[in-house]
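Since the structure comes first, as structure tokens, the remarks are kept for the end.
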Amino acid sequence: MQTIGRVAIKLAVADKEELPSLLAGVVRSGYRAVVGKVGSMTAEKIVAAVETAVQREELLEDGYRHVHSLYHAIIEAFYGVCRGQLELGQILRTVGLNFAVVRGPRALPAEGNGDEWLAVALYGTIGAPRKGFEHEVIGLGINHL
Amino acid sequence: MQTIGRVAIKLAVADKEELPSLLAGVVRSGYRAVVGKVGSMTAEKIVAAVETAVQREELLEDGYRHVHSLYHAIIEAFYGVCRGQLELGQILRTVGLNFAVVRGPRALPAEGNGDEWLAVALYGTIGAPRKGFEHEVIGLGINHL
Amino acid sequence: MQTIGRVAIKLAVADKEELPSLLAGVVRSGYRAVVGKVGSMTAEKIVAAVETAVQREELLEDGYRHVHSLYHAIIEAFYGVCRGQLELGQILRTVGLNFAVVRGPRALPAEGNGDEWLAVALYGTIGAPRKGFEHEVIGLGINHL
Amino acid sequence: MQTIGRVAIKLAVADKEELPSLLAGVVRSGYRAVVGKVGSMTAEKIVAAVETAVQREELLEDGYRHVHSLYHAIIEAFYGVCRGQLELGQILRTVGLNFAVVRGPRALPAEGNGDEWLAVALYGTIGAPRKGFEHEVIGLGINHL
Amino acid sequence: MQTIGRVAIKLAVADKEELPSLLAGVVRSGYRAVVGKVGSMTAEKIVAAVETAVQREELLEDGYRHVHSLYHAIIEAFYGVCRGQLELGQILRTVGLNFAVVRGPRALPAEGNGDEWLAVALYGTIGAPRKGFEHEVIGLGINHL
Amino acid sequence: MQTIGRVAIKLAVADKEELPSLLAGVVRSGYRAVVGKVGSMTAEKIVAAVETAVQREELLEDGYRHVHSLYHAIIEAFYGVCRGQLELGQILRTVGLNFAVVRGPRALPAEGNGDEWLAVALYGTIGAPRKGFEHEVIGLGINHL
């Protein structure tokens, strides 16, 4: 079964080579999606990078309701990345992340009530600010639009 | 590139039909893995279900060092599932999860130093104790053995 | 200026005698509201009491979108009550709370885009399970519908 | 019944026009209070603004005991504002807050044992660093002096 | 220099054989102290065991102010024991703890202002509910009286 | 009984005068240890100070496994210091800490399986950035190597 969370996870986890065909499949199935990459020692930049990509691609409407929904989905995904405290550089760690934001029904085929949801997946590595001293992380946040 | 976290995520996210061939591929690539399912309103049962499966399949050695490593990997994955507070029924929510535990090098080809790591992925749904009132969640915990 | 959060706070903080006229004023101003009381040592019962009152008064639509929005607003309000860990009896404390759930625009006059929001206010006392060994607490959660 | 928490909440929630007469009533009833405003993206400035106002108005004695009591009351109120993680700018959000600090008995009429308590209420808005993209928040911390 | 925290830590960490002479020295130096032991999978019992010992030994006055101070000192010590989430059995772990509660000045010689403080130290082991699968933990909470 | 956690606690709590003979005894008993001091308003500097001391004294091997183990032990000890949120200057507080890192078996005599563990103890004061407005704190993190 195709579900909004799985779609976001698969896009975030995909290699650069797999991404274009995956994205095309996602669009065909009726979801809309934005993907990108961001590396940083400050959580603030992760939030900003995802919000900016969503805005640039016009995935959401530009009112506070949608921005509020997106913000909370990003923060929830960030909990999975941080596992405990939403801090990066403040506790001397850094991340390199792929992100995917997906808009659509919770699952396909859609329920028919027209309800739309948002999924944000973050996948990449976390570690010391020293090459190779890092391991993988993932986070997923889902919110109603 | 094949990495321990991706392997665990893909196993946890897989449909029942995809699982056997995925597992076979994982084993061929040199990782060892255990998968299972657990649904509960108590975190305690999630931890116990994963620990029991690992023990039954003898994925780890039966000393405290490995059990300690596994415990922390499960709890870290559980942070992604809970996004804030490690509580299920206490705040009136329930989960249905697939789990995958993978043992091996952080990435393939292995570094050559023989270091082994452990990845625990949890994927499924969280929601109200009412059919269909739920959305997806994921969590990943990685620890050194 | 009348705002959804202030309306919820005032309803939750009101004495029994003030409540009827306050509620009438709220309805006249265009908001819809549900109020109630709940005392418990388990967070789960607080969540259930608020959800049940909202359902009984049909303040929201009966789909998952609205239930999801309400759930998160309750949990956010509960953070203010607990100040740190969403636990009551588990750490030997108990609460007696008034609750107010308000539906409508973020502020009056409404923005004109028809956006609706939800505010949940919890106000009362927290303390040891011993009469009079308690002090006041408040929490407010606001979410988009 | 007049209680220290309600007094602090009402002062923090009050409009500029209501404040003077409210403050006068609070003083007549036997409580002492300090109010102020602070907007910031850093939690540190919120703490400092409240501490400075209290010091300037000489609401408390200048030893560590009272400063310790005030500090914890501020942090507890801040939990209600942040609902999860005590972070503002680090996760790209900003607040504009009224604060009220009240000193006196837990409730009137006083218990007669001379015990004094401290209540800190924070009320205002939280949101993205973009005008109007914000909603209300409240927090209350109560501590013994 | 003798300080209230160190006194509590040393009492909590002491072997059964060292305890009587240590306690005698503490009393001679001007501090008052209560010690005890508690093992449990529920945080609630830890809190209750410490509160009961303090009450039985009449270390504090029986009003809410002192009980409030003690409660917060216990919870702060418990943060050191739990390192993240104040949960034991709910996440399948158990503790065996020594506790020490000390009342007196922050340091000796006392400041001369008569200020009294309270220190709660918890020391012991945390682990799986399986003999020997555990490691040490410590926590310290200090509050003004 | 001599245990790795107690050794770390005693080293961190020791006065400057006691430290040399304590350290000599620790080494004789078969543990290896590093001690130091750090004062800061940023958590990042605490982590860096401990990591640098460990590296300089070559207490651990220079691969990611040991660095990962140390990092988590430091963060767990830091939970005891912060009691709730891993933040210092961001919430206007500062620490002055002794640290001790100990490597060896969980307890003496060793279990015979050759398992090695790591203990990090942090002890000192936390408080307002104002001389004397501070009290003691302790934290302990233990991890498998």
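Here the chain labels run A, B, C, D, E and F in written order, and each chain numbers its own residues starting at 1.
One rule holds for everything that comes next: contacts are C-beta pairs under 8 Å (C-beta built on N, C-alpha and C of every residue); 3 or more make two chains touch, one makes a residue touch a chain.
On a predicted model such as this, the values are computed, not experimentally measured, just so you know.
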item: Angle of the C-alpha superposing rotation, subunit A to subunit D, to the nearest 5 degrees; value: 120
item: Chain pair with the higher count of C-beta pairs in contact (C-E, C-D); value: C-D
item: Averaged-CA centre spacing for the pair subunit E and subunit D, given as whole angstrom; value: 31
item: Subunit B and subunit E: spacing of chain centres that average the CA atoms, whole Å; value: 36
item: Subunit B-subunit D separation of Cα centroids, rounded to whole Å; value: 44
item: Two or more partner chains touched - positions in subunit F; value: 64, 68, 84-85, 87, 90, 106, 135
item: In the complex with subunit C, residue positions of subunit E that touch it; value: 42-44, 47-48, 51, 64, 67-68, 71, 75, 78, 85-87, 90
item: Residues of subunit A touching subunit C in the complex; value: 63-65, 68-69, 72, 106, 113, 115, 143-144
item: List of subunit E residues in touch with subunit B within their complex; value: 85, 87, 89-93, 127-128, 132-135
item: Contacting residues of subunit C [partner subunit D, same complex]; value: 1, 3-6, 9-10, 13, 15, 76, 79-80, 82-84, 106, 117, 119, 121, 123, 135-142
